[in-house]
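Common to both upcoming complexes is subunit A, partnered first by subunit B, then by subunit C.
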Partner chain A sequence: MRHKLRTILTVVGIAIAILAFGMIRTVIAMWYSGVEASSPNRLITRNAVSLIFPLPVSYRNAIVVVPGVTEVTYAQWFGGIYIDEKHSQFPQMAVDAATWFKVVPENRISETELAAFLRERNAAVVGIQLARRFGWKIGDVVRMRSMIFPGDWDFVIRGIYTGAKKTTDETLFFFQWRYLDEQLRRLESWRAGNVGWYAVKIADPDRAASISEAIDRRFKNSLAETRTETEQAFVQGFISMSDTILVALRIVSIVIIGVILAVLSNTMAMTARERLSEYALLKTLGFGARHLVLLIAGESLLIALIGGAAGILLIGPTVDGFAVVMTSTVGAMFPVVGVSAATRTVSLLMALGVGLAAAIFPSWRAATLKIVTGLRRIG
Partner chain B sequence: MSDSLIEITGVYKSYRRDSLAIPVLENISLTVGAGDFLALMGPSGSGKTTLLNLIAGIDRPDRGTIRIGGIEIGSLSESDLARWRSRHIGFIFQLYNLIPVLTAVENVELPLLLTPLSKRERREHAELALNVVGLSDRMRHYPRQLSGGQEQRVGIARAIATDPTLLVADEPTGDLDKASATEILDLLGRLNTDFSKTIVMVTHDPRAAEQARTVRHLDKGILV
Partner chain C sequence: MITIPVSYSLRNLWTRRLTTVLTAGGIALVIFVFAAVLMLAYGLEKTLVATGSDDNAIVIRKGSQSEMMSLVDRVAVNVIRTQPEVAADPEGEPLAAAEAVVLISMPKRGTGQEAHVQTRGIAPESLAMRPQVKLLAGRLFRPGLSEVIVGAAAERRFEGIGLGRTIRFAMRDWTVVGLFEAEGSGFESEIWLDSEQLLQAFRRPVFSSVTVRLSSPSGLASLKQRLEGDQRFNLEVKREKAFYADQSAMMAGFIRVLGLFVTVIFSLGAMIGAMITMYAAVANRTTEIGTLRALGFPRRSILLAFLVESVFLSLLGGSAGLVLASLLQNMTVSTTNFATFSELAFRFALSPPIVLESIAFALTMGFLGGFLPAVRAARQNILQSLRAV
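== the complex of A and B ==
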């Protein structure tokens, strides 16, 4: 610690860089959380032209009899506004209450609450994170308008579901599709009888491709041809729209590592230059190149490790704070927030890698230093 | 004094400056007996430090042989030469060359790290060496807390800590005032007479040369 300020600033720089690296990786991971949460034995059937075009609800009966299909449910995007648009950044869907939780079992709900949901036309089931965000309880009435459907809509919360996995989205709002359909028959009858997409449960994930083809073949040349794919591919399709941003983020994260490598390399190079006479002294005393390399690499690794550890410790609180800020400003963009063990591990490895790489040139210089040249530097 | 400890035969050394080869030592032959105290004198640029460096094994001659204690050090590999230095050479520098972040005793312990001694034994050896040079009350001081003369004593303690075969000193009093220089020279004299240490010292100070038993002069790379 001969140059305390320089060392402290280097450690802080590494901490900030590792924090930024970890945060970017976490944001990318949160973006892909939907893909990870996808079930391998679930297919999505939607209108072949575009997801925004509906499918007849009658298709269910045809899909459920396709060999390999065990259950079918459906949903319709609602596009609701709760209080105002800022508060409405959470998904709302009209679903087939009788089958939804069978096809999507990772949305866990008690039998009592499910029965209550089935009983009432305007019942709603919400995710626990959503309920916490707005302070909703069982029995609360939630009023919404929709950007897609006419009128005001009152829902009564009858169930709060939790996610079976860490990657399960707990910010969804479900209500009964038949409530939506009844209202549409009254207000815009020409739009009634339709759903947004089907979720199809299959017995054997290895047969996903053939079952998808069978479903689509069933509706070929109809007014609403279908496109069926695995849930993972369906979600991936949304993410691919943001591919450019995600690639750019990945590049930025690598650039950040490059920057701290330059910072630490500069620090180590300056340190080595200042200590050339000491390295010459150590060689005079009989210490070999190996000793000097270990000395320099050890110091570089220690600085990188301290900075890296500090950065890694800060990733979690920073991500949590980021999620709170995002939710309060633009809404809950990422339903699943958390720093994975893989991100922490990669961040640590990056810090160690930087520590080692930054030591290469000064170690080489010390190892190849001629003693008389180094001693001359002291005068 | 007894048999020859150092035998230098036909040594040449030059340095390269860009494409130019500058001769520094020419056809140097010299013997130094065990227990001798040799002062190498000469004007600046005469090659005396270069010759000292060759004897200490921190540089290699272009031609010729250097045998110390029967070992032809020019034939040793870099790692073997480093090992040889750690066992046989105690180097005393003009500017002390202490590690500023280590205390006096830790500086003296440095060469002992290369020995198989335990931590406790290393500390005992270091404290003994500091005792010999009269600095046992300054063991935990850092170099910045010592005077020039005291720093040089620490340098000498470090040089003798491993009980080397040979002490080499490059202008050991060059950066000291008269009083401190006298103390250091007296100390070196005692190491030679009381402890039978073989010493080769480079100096341009006639008073320093008076302490030595043998004085040789170098002029333009040639022993006169």
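== the complex of A and C ==
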């Protein structure tokens, strides 16, 4: 503590690095939030060629009779543009209104709102976070264009859903698949009667593999072959498409640890160099090498700990700031996930690890120091 | 003003090698990440910009951001082909290629994870309009057969699409008869086949886009006005280069925002590292500074000497980081482009502005980190500093 300024600077440096580390981990966690939110007793059936190819709506009747399947719903990606492309992206899906909320119960909606949604052809249900973002209330009309379907589309908000779990995505926009299909029949009839994917509810998660196989076998060698997998595997597949970026982020987070290590080692090395004669003096007085090591390691750990704690406290606000910047520049909305306990723990462990590592070299030097050499030094 | 020789500052760095290396190492890492992020974003843009040509215009359905989402029916294709701005080949046929683009999911090499390959059904005119596309091995597909040619980057990234292999989709087996390259552009990440075969196989009546060669680059405005104003269709005309460049905007923006956020936080850490080092350098040399002052060097010279030391330190770190980052240029990155939802391979690309920005960034860090310690050194009292042991 003799060099107040240096210690403060080191603490700030560590705090910043831990902050960056925790932030990157949280961003990665955002990516994976969909995996956590997925339910083990849901399967996703899509076109085997790729997700952009649709499946006939008639498949529902064939899937629902597969043993072990309790309910089937379907959805179609809308690719809507609200106001403009840059600043207001959010996912919209045309869903089968009657079954969607049965298969996806974590999208919670009141009975009266659900009834209103079912009654009106162009009704929509939106997530509460999305409603807050645009200040929507029930009864508001939302006009959108679509990147995939022709024309202008008007929707009336009839319901606002909330998530049953913390990880549930509350930024989705649902409307009736029937409405989409009717418009398509009129405008591009060859594309009507199709859905993007089926969500299949099963009674027993342990039988997911055999049920998936049974569904896919049913449509083998048809014009639209299917690929069925658990919802978790489906979401994971999305994430793995951008795995290069995730790998890059991980590497950066390791580099950050390298930077803190450099800063703290530097401080500890300097401290130890300045105090060599003191260490020699302590040794003369009879303190053993172990005592010196503890002295140095203790100081290093304390600095790392204070810095780490400060950094961890700052992660939350910084991530929020980052999400705001991202939303305004890229336009996509990031699901807000809190900073997980695991991130905090790992960050703290990192700080401690760095504290220990930084103490190794100076400790070794102090421990092996010859008393005479140390005392002879001036400085 | 008598200045202290620069060599004084440099030799000081050499004297305290370990500390210098650690501090410069910190700065090097920051610059490495900073440059790498910019190189990644720039590489992505460069790849997609190279995909389009200024001489071509692309016609898609209004509001579609990628060809995969766009639909253009045959009536519209014929109208587009006969526009006066469209150039003709030596035989007098219009240079207009109606293409169909779909995504096919395939397992990636190594991980076996599935990703989308952009698959393009091309017209006979397509190759003439894209001179950058050259066959590397094998031959072109024959019209009317279930044959495909595969881009070199796609072949490297995906399993089972090498020369002579068969790919199964849309209830047919397609034979890979050729490999092509396209000067590092986005086409290299695609699979190409006969558009009529693609439409038939997928029972699809419409194309995705029409690319036309303009007889003069300035013809775009009138073509755009006429086609977009045509009430029968719902079309949008863009210069091909701008169209593909737009596809990089979202992803490049994402990389930049995330990367810069991290590096700014990061650079604060490195700056503090430099500051600690410089403060220690000042403290260790109290007597020396006193001596210099006693010899008649003014305060300003001392300030300058320490600033030079710090700036040089950061320059050292910055250059090391940049050299490290430039090694990345040989690395190809492949990831899903959000805008097209398909796999795209691109390289880290270094450009002169990135070099300048990185060096400027390093110098700023050194200057800011070294300024306060240098001020402290300059403000020392001669008598007191000489007395300190």
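Following the convention adopted for this analysis, the second predicted complex is superposed on the first by the 372 of 379 C-alpha atoms of A that agree within 3 Å, B and C clash if a C-alpha of one lies under 4 Å from a C-alpha of the other, contacts with A are read in each partner's own complex, and residues count from 1 in each chain.
Here, a contact is a pair of C-beta atoms (placed from the backbone, for glycine too) under 8 Å apart; a residue touches a chain by one contact, two chains touch by 3 or more.
The structure presented is a predicted model; accordingly, all values stated were derived computationally and were not measured.
Asker: Since both structures carry subunit A, what do subunit B and subunit C do when superposed there: clash or fit?
Answerer: fit
Asker: Is A:L375 in contact with subunit B, with subunit C, with both, or with neither (first, second, both, neither)?
Answerer: The first partner, subunit B, only.
Asker: With the two structures laid over each other on chain A, which partner does A:V346 touch: subunit B (first), subunit C (second), both, or neither?
Answerer: Neither partner.
Asker: Is A:K283 in contact with subunit B, with subunit C, with both, or with neither (first, second, both, neither)?
Answerer: After superposing on A, A:K283 lies in contact with subunit B but is clear of subunit C.
Asker: Give me the angle at the C-alpha centre of subunit A between the C-alpha centres of subunit B and subunit C, rounded to the nearest 10 degrees.
Answerer: The vertex angle at subunit A equals 90 degrees.
Asker: Any idea whether subunit B or subunit C touches more of subunit A?
Answerer: After superposing on chain A, more of subunit A is contacted by C.
Asker: Pick one for A:I24: touches subunit B only (first), subunit C only (second), both, or neither.
Answerer: In the superposition, A:I24 touches subunit C alone.
Asker: Now for A:N221: first (subunit B), second (subunit C), both, or neither, which partner does it touch?
Answerer: The answer is second: A:N221 touches subunit C but not subunit B.
Asker: Superposed on chain A, how close does subunit B come to subunit C by Cα atoms? Whole Å, please.
Answerer: Between subunit B and subunit C, the shortest C-alpha distance works out to 11 Å.
Asker: Could you tell me which stretches of subunit A are touched by subunit B in one complex and by subunit C in the other?
Answerer: Shared contact residues on subunit A (touching subunit B in one complex, subunit C in the other): 378-379.
Asker: Under the definition above, what is the set of subunit C residues touching subunit A in their complex?
Answerer: Per the stated touch rule, the residues are 18-19, 22-23, 25-26, 29-30, 32-33, 40, 61, 63-65, 68-69, 71, 102-105, 111, 113-116, 169-171, 202-203, 205, 234, 250, 253-255, 257-258, 261-262, 265-266, 268-270, 272-273, 275-277, 279-280, 283-284, 333-336, 338, 341, 343, 389.
Asker: Flag every residue of subunit A that touches subunit B in the complex, lowest number first.
Answerer: 1-2, 277-278, 281-289, 370-372, 375, 378-379
Asker: If we count contacts the way the header does, which residues on subunit A are in touch with subunit C in the complex?
Answerer: 3, 5-6, 9-10, 12-13, 16-17, 19-20, 23-24, 27, 49-53, 79, 81, 85, 145-148, 150, 188, 190, 221, 223, 225, 237, 240-245, 248-249, 252, 255-256, 258-260, 262-263, 265-267, 269-270, 274, 318, 322, 325-326, 329-332, 378-379
Asker: Considering the complex alone, what residue numbers of subunit B touch subunit A?
Answerer: Of all residues in subunit B, those touching subunit A are 53, 56, 58-59, 78-79, 82-87, 89, 91, 93-95, 97, 99-101, 110-111, 114, 158.
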